[in-house]
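Next, two complexes with subunit A in common: one pairs it with subunit B, the other with subunit C.
Up next, the complex of A and B:
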């Protein structure tokens, strides 16, 4: 309780509170610009936090992170152009409602759902992160190695049908993480005599390149594919009243609960990502809608203006934001790609996420947790202001102009980390590599996790083997290291279960094909 | 250096490299066996090539002491032109605005120290 109060106390600093509000507002505005996803919004704001004290900077980042996902719903509903990938599904029913003159109601459902999902996931963060961190404080080298293996396995195991590419991505990340000083002997590895590489590849420019520059290249490809020089800004539907009837709120309450629960569970799994959560929540809501409402008088069909189609993805995507911070703050493992950028933001201020964050920088760790709660509470009034004031100007910004803006912001952001031109080269190289990986369908998530967990994996492996005199069974020793043994078994299951399910699916498909052939 | 360090520091990256080679070979074999449909990469290659070229030229200009304003104006103008912003006057206005906002945000706002220029009056 004292620690929660400490978090509140830190947030009560007028400058910190103001930056949280600025972050929510900026995230909402940036998230509503089509083409700018949550990652770019976050990558672009990291450099702006350089000169601020840690508390102020992290409050700003929490605000941006929470609001960008909500802001994406605004153009999704008004223009049918999702501002962020997380509002991909909101565009379907949301825009259908807008076309029927219910834009205000659709926006209101989206924002309320985001607030409900976000608050529920903030409570999960408040309850789980510190408890997990307390357990993680008991970890030694053996448990740390098992934890890194569990983190990597959870990401790779979740990529059903794409496991080989996932492993390759993770190995690339782990290999890149070996550049620089060896944690065992201090020898410089793979530096090619370049002094800039002695401490490893600079992390912030690397992340800015992997997310920002790669997304810029994606956006540019999209613009070049669909460019129409004569097209001007679209005429927008009238937004109208934002009031949400009580009956509709009662009807949507179970959807909010289910979707937030899905978002919370998925958010806590490293690498599962926001998209998985919104698709699962959308599917659950569709089943409920078809069972209870479809075909009744006055009801829409699914995908053509069903309020549940807006509520489910929006509650789920905001539930992912805070819950994805549970593994990050407690164990140092990012829950999704955007929360991986948080590591960069923390690193800039000399902090390392994980259990020690709660003991070494308790005020900041608790402030981050409390900020998630307040950022979600601020979403409604800020969304109202944004909708009534700057929305129309935001939609007038041409997507084409954003390509150069993102490039400049990302590269200047990378450069600002130490005023070093080498960082720009890192960012552009990382961006091109990430873009090529995306084209080859090699997932980026495992590579990021490999980069983050690489140093921990290597040093804990070496130290564990030293303790055990080279006995690898130390990691499975259920008597002396039960946590490690448990995590190793869980890791093995994460590999075996999806592989077994894949084999079962293949066998079923072959059986079905044979049956069709026999009948034919 | 890429090699020549002690055995203890070498074994871990070496093991990772061997694993990467094994999984890479599995991927290549899979592609050869399944013979997937060929996909055109001309647009993505053009996008990545052009953008990388523009950005590299910008970084080289910055490090050569040409300042921030001129190289950024030219880079933004080129990006806008490639992305199809017409007429050129609109593209020029956008480029000036973006450059001004970038300079104000990073140099005046955040106090970022830009690389040294050839002459003090070059911004």
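Up next, the complex of A and C:
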């Protein structure tokens, strides 16, 4: 308790508190710019942070990290261009709401969900960091494989209509993930002798291309289709009122609870990351929506403006931010690639994350934890200011110009990751591929999930089998690997339940048809 | 009086000449190329060095430039092809030695001229705290009966090769569990998901206070001051006097001797600065210093050790 107070005390330093605020604002802006994400912002910022005291630098990083996940939702809703990878799913229902004149409500749901998810996970971090870290240690190779399978199974919730196309997309993602040297033999695969591909396709530029460049092409096509030489510039959807009706808050509360819980658990597990959390949360919300609301009068269909489709991923991605610090601070194990950059920032200031951090630098460790709580409390006011100022002026730019601006920002963002020109070509190629996939109505979501989970799937499978001497049953061993066995069952249910329900519905429909025929 | 004046003038002249020589290099800023993303161990140590060096240098600065990609090959190739004028310096790691053979990099080790070494990180054998093996001897004896699952950073990394070297020295055979990222490796060992890991001491040290891991042996010539109870590889019965990854500076070959000497002196001055030593140690790295010849010896020795192993294991591309 004393230590927690020490954390508050460190944060109470006006300079540190100010930097946290600056970080939240910067993160919100960075997140809301397509092509630039927190990863890139950190890579640019870390060298500067060297000259600052550790507390200030880390407070700023916490602010950026929390707010970037929220800021990404702004262009996702207004432009259907996700600002960050974590707002990929928000773009679907969020933008649909915006087109129906509910942009303000969608943004409001996104921000409120972020705050709720973020605060819940900050509290978890504050109260349980050291004890929860032990849970992360239970995850070995076998459990990680089962987790990857569970993540991939969540695509079922994403697939509307064409399951085959969804599976094809996931396979494309998994195949692309095999580019680069094989973890098992060290041999290069599909690199065509290009040294830039040795470690696989550079990930940040790839994401920038898949979201930013593809969305830019989409926007461009849109502009060309609707071009009318006589008409003035087309305006973007008005943001409108940000008020959330009470009934909607009540309705979304269970979604927030589930999504924050998913984000908390996934965030703590090393290697899983934000994308997996948003997919799992989205999947859960989709199931709930279909069960309770779909088909009722006045309700949208899923993917076309359902409020849960915005609330779930946004609550989940902010829940990941704080919980990914649990294993990082107490064990030195980063939960995802962005939190891994905190290790670098800490090391630059002579601190090594891990078991000794709390004893040697307790004030900084607790300051980081407390900062997460305050950063999330700052999110709403800062989001309000950013929406009313920065975003309003950005979205006043006409669409034609916006296309160019986004393209430039994306290419810059891709380049700044490693200062490598090759990255720009990666972004462009990925953007074109994603655009073609959209034309062929192959969903992008499963492909991304495949890309993210591919390496984890491959190495955890190989390593598990190496440890078990080739015995595949190790994944279902309820005695020695109960977590894995449980997740395998859960994954199977994710596939079986919708199929069974579909069959039941079909049988019922047939019976009903038969009955009407008899009567008639 | 006149004499005195003359003496003063000549003294000034000598002093000015002295400064003039010292100022001939560097005349401008020096790029220190880190072939990895910001935040990694090479980046962190390079920035700590640059900070101290910039307090020593006058009229010039060392700028850390991150050129990431291809597991270091992109940045390393940039420096190999840079002008040999001393204004492009590579943060050189052990991977420069093995990348041409392992990853098909377009340069050769001989394209670089080692300038100075600042950190040597000896390999350790680490086991989970819950492991039945209390000593290296127990571990090696058990490995004869049963194949041990040994976590390494990746196939063909220097850690994997240290395992192959142990196999050569002892006649044992390990089963390697390649695990990317030190965090994931800690998870595997601290969680007891594998039998042992081969780690650099610097990173292993960050986990020593947790009580989750134990180190059995260190691959250095003498026992570590911080861990006097842990035997060296040779004491533990593994005939490898030293196996260490290194970090230092290198310049493109053809760089003038004076420039190399100046850079080496600069690194020496840095290494003697108390604030630098403190910062490096706090970040988990033991600072050391070896000049160009000393560093070249380390590089050549490592190249000799690894090339034999790469060939034997058929790891080359």
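Convention: the second predicted complex is superposed on the first by the 285 of 520 C-alpha atoms of A that agree within 3 Å, B and C clash if a C-alpha of one lies under 4 Å from a C-alpha of the other, contacts with A are read in each partner's own complex, and residues count from 1 in each chain.
Throughout what follows, a contact is a pair of C-beta atoms (placed from the backbone, for glycine too) under 8 Å apart; a residue touches a chain by one contact, two chains touch by 3 or more.
Quick caveat, the model's predicted, so the values are computed rather than measured.
Enquirer: Using the touch definition from the top, say if A:141 reaches subunit B (first), subunit C (second), both or neither.
Expert: second
Enquirer: With both complexes overlaid on chain A, does A:293 touch subunit B (first), subunit C (second), both or neither?
Expert: neither
Enquirer: Could you look at A:495 and tell me whether it touches subunit B, subunit C, both or neither (first, second, both, neither)?
Expert: neither
Enquirer: Contact-wise, after the overlay, does A:331 reach subunit B, subunit C, both or neither (first, second, both, neither)?
Expert: Second partner only.
Enquirer: Report for A:380: first if it touches subunit B alone, second if subunit C alone, otherwise both or neither.
Expert: Neither partner.
Enquirer: Taking the superposition as given, does A:195 touch the first partner, subunit B, the second, subunit C, both, or neither?
Expert: second
Enquirer: Identify the partner contact of A:185: answer first if only subunit B is touched, second if only subunit C is, both if each is, neither if none is.
Expert: Once the two structures are laid over each other on A, A:185 reaches both partners.
Enquirer: Who does A:47 touch here: subunit B (first), subunit C (second), both, or neither?
Expert: Both subunit B and subunit C are touched by A:47.
Enquirer: Going by the contact rule set out at the top, does A:418 touch subunit B (first), subunit C (second), both, or neither?
Expert: In the superposition, A:418 touches subunit C alone.
Enquirer: Using the superposition on chain A as set up above, list the residues of subunit A that contact both subunit B and subunit C.
Expert: In subunit A, positions 47, 50, 182, 184-185, 187-188, 193, 419 sit in both the subunit B and subunit C interfaces.
Enquirer: Given the complex with subunit B, which residues does subunit A contribute to the contact?
Expert: Residues of subunit A touching subunit B: 47-48, 50-51, 164-165, 167-168, 171-172, 174-175, 178, 182, 184-185, 187-193, 216-217, 220-221, 223-225, 227-229, 398, 400-401, 403-405, 407-409, 411-412, 415-416, 419, 421, 424-425, 428, 432, 435-436, 439, 458, 461-462.
Enquirer: So in the complex, the part of subunit A that touches subunit C is made up of which residues?
Expert: Spelled out, the residues of subunit A in touch with subunit C are 42-43, 46-47, 50, 136-142, 181-188, 193, 195-199, 202, 270-271, 327-328, 331-334, 340-341, 343-345, 347-348, 350-356, 359, 417-420, 422-423, 455, 459, 463, 466-467.
Enquirer: Under the stated contact criterion, what part of subunit B meets subunit A in this complex?
Expert: 1-2, 5-6, 8-10, 12-13, 16-17, 19-20, 23-24, 26-27, 30, 41, 43-44, 46-48, 51-52, 54-56, 58-59, 62-63, 72, 75-76, 79-80, 82-86, 94-95, 98, 102, 105-106, 110-113, 115
Enquirer: For subunit C, which residues count as touching subunit A in their complex?
Expert: Residues in contact with subunit A: 37-41, 43-44, 47-48, 51, 64-71, 73-74, 77, 102-106, 149, 154-156, 160, 175, 177-184, 186-188, 190-194, 206-207, 209-212, 278-279, 282-284, 315, 317.
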